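Consider the two complexes below, in which chain A is the common component and chain B and chain C are the respective partners.
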Partner chain A sequence: MRAKTAMKPDPRLHFQAPLLETPFHPRTSAANRLNAWVPWGGYSTVLEFEDLAMEHSAIRNAATVYDLCPMVKYRVRGREAAAYLNRLTVRNVAKLQVGSVHYTIWCDDAGKIVDDGTLFRLADDDYRICCQERHLPWLLDSAHGFDVTIEEVTEEIAALSLQGPCSYAVLKAAGFDVETLKPFRIATFPVDGGELMISRTGFTGDLGYELWTSPDRALALWDRLFEAGALYGIRPIGSAALDMARTEAGFIITNLDFIPAHQAVREDRVRSPFDMSLDWMIDWEKGHFNGRRALLAEREKGSEWAFVGLDIEGNVSAEHAIIYHDKKHEVGQITAACWSPTVKRNIALAHVKRPYHAEKSGNLWVEIYAMRELQYVKLMLKARICERPFFKPARRTATPPGLF
Partner chain B sequence: MPSFDAIIIGGGTNGLACAARLQKSGRKVLVLESGSAPGGGALGADFAPGYRAPGLAHLVHMLDARVETDMDLARHGLSWAATDLPSTALSATGDHLVMEGAAGERLTGSVSAEERRAWAALRTELMAFADVLAPFKELTPPRLAKGVGNDVWQLGKLGLKTRMMGKDRFREFLRMLLINVHDVLNDELTDPRLKGLLAHDAVLGTWLGPRSPNSLIHLLNRFAGQVAGKRASLAVPAGGMGAVAAAMAASATASGVTIRTGAAVAALIVEGDRTVGVTLASGEDLRAATIISAISPKTTFLKLLGPRHLDTGFVNRIRHMKSRGGAAKLNLALKGRPDFRGADLRSRLVIAPDEHAVELAFNAVKYGEAPDRPVMEILVPSAFEGGHAPDGHHVLSAIVQFAPCGQAVGTDAIRERYRNQTLAVLEQHAPGLADLIVGEELMLPADIEARHGMVGGNWHHGELSVEQMLFLRPVPGIAQYQGPIAGLWLAGAGCHPGGGISGAAGWNAAERIVREVRS
Partner chain C sequence: MIYDAVIIGAGHNGLVTAAYLARAGLKVMVVEKNDWVGGAAVSRELYPGFTYSNCSYVSSLFRPEIMRDLELPKHGLQILPYEGGAVFTEGDGYLGMHRNHDANRREIARHSPRDAEAYDRYARDVLRHCRFIRPMLLRTAADPASFRPRDMAELAWLGKQMFGLSEMAMYDMIRFWTMSIADFLDEYFENGVVKAYQAVASIIGTALGPMSPGTAYVLLHHAMGDVDGNVGAWGFARGGMGSITKALTASLTAAGGEVRTGSGVAKILVRNGRATGVVLENGDEVHGKRVVSNMDVKRTFLKHVDEAELPGTFLKRVRNFKIRGSSGKLNIALDRAPKFTALPEGSPYMKGDMHFTDSIEKMERAYDDWKAGHFSRDPFQDMMIPTMIDPTMTPPGKHFMSCFIQYAPPKIEGNDWTDQDRDAFAETVLNQIEAHAPGFKSSVLHYEVRTPRELEKEVGLTEGNIFQGELTFDQLLFNRPVPGYAQYRSPIRDLWICGSSTHPGGGVMGAPGRNAASEILRDMAKPSKDMSDAYAVL
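This part shows the complex of A and B:
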């Protein structure tokens, strides 16, 4: 049965509801036992449903559902869509096949990152950009001189992320055969007179899928997954659990791990792909793209920052801590951290001034102010630069996936 | 086809000046001009059988001194039918006011002694401030970033000179750079004819009314110009404006420059993120290590190079560069001598009864309409020498403001109305003129764009307003003539110091290219 379309509110009355509800709200609100909500992109979303440890544990041991609706989505269509996206983003869009997805970033003229996101190639001349921040003016300005149309489709799509070792088994039980679907590939299924798109993508670094449908089919999709997943321990998760999982996976979040170039107020806060250690994505041979000349110059001259994974002694999470060299000189700051229940290490993601990310990384310390019963306890803990991701299970990429 | 070190797109005065300077540095230079003759805005036009008029520009007052002497224009055929031309503020009753000498050193006509004193004082001040600005015209604009190779020595000298004015004068200087001409005129003067003429001159070639902010700086810019060794002076070339184009082309050719006419550049060739050549409209490819565009920046980037070779932010800046043209060109073939109620035809004739008339003419075009009573600058080249029209006949060349530009404009009704209103104003000042007309040509800004490629029909290839001057010209980031892509340079009026029959931008660009490659 198809759920009734939620009535679109009168836009003039927006002030009465500063945060919108996603199409899954009837289900997420029913499950939100802690009533813990956070705003995300203009929507109310769940921070924690019931228990953070259980939610994180389900990501690594069972199956989880996360409401992705607030993710900003743009549709790019037209004869020159590929040429347009090649000029907009740093990766080579010509290499992205129909039915595939890639992670990418885009920069301003100065080669500073505007945002990161995933790019879906839905058909020859039809793409979808999914990202954290809103960019319609920039995308439209970038379209000058290209035969493309660009529209924001955030509200036209309802999306769920199904992640965890049992996610394949849940989909199978729900009647969706994704056995041969490889990572970063897309499949579509007819549902209730419409279509469900499933991509093997996610933000947890685990086996997982993202499911895309229309808002009027949102609740039916939720129910179908929870029915099929009951025996697999499926549960909804909030962004707190996801944040731990993504830190373990070494993934970054715009405005948490870097300030987007179009929002930074302070001149020195912007970051280049080199600064964020994302330069591996740049295709220097594909022709011009936004920021290319500035980035070439930066490649010649060298960059100021590097983005690294840290392993810190002890078990006190080091969120937003300052990093010192030799306990004396500030050389960086941590943007994401947790004690990882999965790898049992105290991990962090951090900006580190070069060359303290490599040649001079021997003597790094993290200063943590731990609040202990109304008093800060100051800790100076040894930190070691280490490989990202911290957690990379083989099940993430195995095809066919395991039926756990 | 022999190979060239540099290709210059556009054979206007700036393209030719740039070519001559570069060729002298030992480079082999090719100029590609889409028209049938080089010269751009300095060309003459045979607009009616037996009559020849200036195509666009009719007076020389901005000629770059380096261009004039180093290109040895005199040896290549340039001489003057008149220098130090007086200006007549025409009155509909015959009570004309004449300004003689540099920037109206002397006033003749019925003017009170008090007004003469007031004008002398204001003129002295304007000339002093123009003196401060003049040397900047011959310099590459400084960049705001640090360690970017500014000509620190030259800038330091000019900066020091500016500061030597003393605190009060410096403050006054800054005030004058930003103020509107209407307010200054009304603070200091009373004679409507004088105020009308000065207001007219300040907004000639701009998209500003006298009350628009920053309109005074154009008057200073005008007074900072020179011709034939004289500051703030006007000159009429012997043989018509086309003689300037011919002399510059002859000089460039004599120094070894190759000029190809009928060669419209349709696109730039980009390889390995460098411009390496051009494709002509005919499909022919021509290659050179250095490509210099002496046409409008908007056309250069949005059409010839294309946004896909540029960054989005840069394309935004170029798209937003303002380039509205309000000056129309009227050429009349007359079977007899026009009589502007006794005014000396061997002067520049200006119809701008007072500063409000200029403002009102601008008001209309703000809303896409043609003004009831346009203002204008008139030259009668045939009054200075023969050869422009059959014996006893005359040609009248007028720059008429403000003509509507943009969307609403193409309509025949607006054109018809603009023509009729212009002729009505002329008839009022020169009764019987209408009966003398045997041929005519009216070019609105849209026609000027179509024929000459000046975007929007704008005099300067992009408005020369304070926010588009110096290091903001044509847009921030490329103010030092160097394009955003390797191998590409700019040299036209869209660059510092702007347009006019001058060659300064082209010469500056060449100096910059020579210096860049040496270092």
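This part shows the complex of A and C:
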């Protein structure tokens, strides 16, 4: 019999389990009482552990843990990393200090969004991009002429999101002092011979943190949080609960709220930063960046779409509904929607043709086909464009954070 | 007895035309030279208990509209999607293909992490081209030189399709239709093996190498089909490719059509510039108000029609129609499944297409041999073992292996193929497989070799060209087969053509046959009520 020589599995045998398990799998599978799994980015991930309403309310009431490992991660290093990232993305990377994070987007040469994500500045010339889709060829092609190295490091990092009003209290109980850590800032802590990075970031619009470590330290981190969080009602949440919370926070997800430029088969499906109402991020003064010329032209000429929050009458959720002006003309499409338990409103995120997002927004209607016991109930409900985020508690940004 | 239509050749297109016409109420007779039906979509038992797919071996292009209109499932047709595929590489490695998106990415990443993430954009772009061409498949190509209202309307429709594209997409489209697959793949991938795998579909059946302009389109021709909506997927016809033509024959006879096998057409009868029927090789005459030829355009007009009946320009163009033989086949009955040393236990790769050429350069060198008038010394193979999925073709545990081989010229250094050439060709192929699966040769129970010589003689394909004419841009759309005659008509009144020499070309697609039937019914001012509209591309 041949002895096992390596711990790393034979990479040819991926067909035996096409979906990877995250480093937290032993814990998430034990907690997944519904056995409800969904594929995400090549991993098996939890849709719902136990009870959607409990999981969502814990985000707004206590502390929740979400397994972030499938987020695609790239490491960008080198003398010209900042210049390169300025060329790649629309925001001004020069303004991003070491130990900080910002949300950003990047476009193709036609000014259409390739993806959004967070950019971490870990050191002077060391950055991490964290995003939904895979872009290695685009990142490498964009690096032409820059002294920079780019690696895909998704599997090298284990990440958890700890979110909720008690998240600071849990971290404190776990022995991590993040009292002075401001939103979008990073702190690092030594943990058994390695390092834990904590960023005050998240996808819930609430007080929260994201914790980044190496896969071999993943389970110890999970256990430490759950031990410390026991008195604060900590619980794992699946993607379904997170999706409600992010809708309340007005955050978008690539491929759910827009089709990324490199994947859109139908040419008219792509969206520019203006179309997604993300043009506020563009730094026009920083020099050339991918898509700048096309975006300048769009700024002159105007855009076709706007991305808005909607408040819809009644309490029937409006996923994927068509939006009409005057109940007659199609002017948009809803991409995310839910009855928000937090703000007690029927909310949605939507693409709306300009100028129905503003000047002509007075007469908008949403057509809902509500399935009730095998029959559709057709509804035409009044919708009002409103501010995003729908939910923005003061505790989200308070520093020092509250010990709820 | 005068039939409404006499169809020459019981290949899949001839049968499709016949079946649609029979359903429209015409009295139809199909005449076939072989003792069996099928043409190049044929299954014969050449070894006891083993059903072969003697020519074509996989299905994707066959239009689902035809399957439904002609009730082929009711007549026994089943298409089984296949699961994997692999190209074997030097040094006992391989690159596999998976239907599962994540498994496929991880497999490519073993060879190139960059290319693993490049695949989506490549697949997106190929799909974009598919979406453009698919609506054209079941439409008669417009004649751009004609001012007839229907041609004008068709051109307007085409213009609208083009107008719907962005400037950049239009550039890409024109480039794509004319460029080589090697150049096209360089725009996406860096890894040689990844490129070699993707290049497979761009040279099959084509007397061009992967570096020849025009081969990118051939890739599209193989990618625009689907298995139940899964665009680009391929499958096996359960029971062999002959199941398609058997089902078509059953559908035809259920609609009152007739098929007569065992004697080919000697001559197409032409009287006063009109086709009136055929004389068979056995001397019988079959009369019809119209004659529809499923034979390729060269065979039809150069061998079975008096030259005097045809205009000189037309004849010249038919003579110059490119229909070069480039491929052959080995059909092998196996006592047991081969064991490829590179493949891990339990992997799905034998349930699909397998290849032994791991670089574009090797493919091009194989083509160099063809240009020199020889079959490739290190040939390119598209190899399948349908019995890995289909239990009906062999006894349990035994297998049928279909090896499509390229390149094989129509003549060996200018001379006709000899039996020795044929046997040397077979030996080259068997040795190539043996090198990757030791013990393979000792499991061979029987094999059938088909060089271009056999393909021409048995199936009737001129030079053994599987597409009834090269799929190059100069021979597509309104120029297929020749300018001015792209609408299934010929210079002789009531003589029609319905084979793969016509738009939209080769492969077991059935579209030429259906389009021809549609034109004939239109010519007769008959409604084609049993012909459903082409499925919309949303």
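Note that the second predicted complex is superposed on the first by the 396 of 404 C-alpha atoms of A that agree within 3 Å, B and C clash if a C-alpha of one lies under 4 Å from a C-alpha of the other, contacts with A are read in each partner's own complex, and residues count from 1 in each chain.
Keep in mind that, in the parts below, a residue touches a chain if its C-beta (ideal position, glycine included) is under 8 Å from a C-beta of that chain, and two chains touch if they have at least 3 such contacts.
On a predicted model such as this, the values are computed, not experimentally measured, just so you know.
Student: So which one touches more of the residues on chain A, chain B or chain C?
Tutor: Touched residues of chain A are more numerous for C.
Student: Tell me the contact category for A:R293 with respect to chain B and chain C: first, second, both or neither.
Tutor: A:R293 sits against chain B, while chain C stays out of touch.
Student: Can A:A83 be said to touch chain B (first), chain C (second), both, or neither?
Tutor: A:A83 sits against chain B, while chain C stays out of touch.
Student: One more residue to check, A:H135. First (chain B), second (chain C), both or neither?
Tutor: second
Student: On the A-aligned overlay, A:A36 touches which partner chain: chain B = first, chain C = second, or both, or neither?
Tutor: Neither partner.
Student: So, does A:L19 touch the first partner chain B, the second partner chain C, both, or neither?
Tutor: Only chain C; A:L19 stays clear of chain B.
Student: Check the residue A:H144 against both partner chains and state whether it touches chain B (first), chain C (second), both, or neither.
Tutor: first
Student: Determine, under the contact definition given at the top, whether A:P11 touches first (chain B), second (chain C), both, or neither.
Tutor: Touch status of A:P11: second partner only.
Student: Applying the document's definition of touch, where does A:D108 land relative to chain B and chain C: first, second, both, or neither?
Tutor: Touch status of A:D108: first partner only.
Student: Provide the residue numbers of chain A that touch chain C in the complex, in ascending order.
Tutor: 10-16, 18-20, 39, 42, 110, 134-137, 140, 152, 262-265, 267
Student: So in the complex, which bits of chain B are touching chain A?
Tutor: Going through chain B, the ones touching chain A are 273, 302, 306-316, 319, 484-485.
Student: Spell out the residues on chain C that touch chain A in their complex, using ranges where they run on.
Tutor: Against chain A, the touching part of chain C is residues 96, 98, 100, 102-103, 105-107, 110, 113-118, 120-121, 124, 127-128, 131, 165-166, 168-169, 188, 344, 346-348.
Student: Would you pull the chain A residues touching chain B in the complex into a rising list?
Tutor: 83, 87-88, 108-109, 138, 141-142, 144-146, 287-288, 290-293
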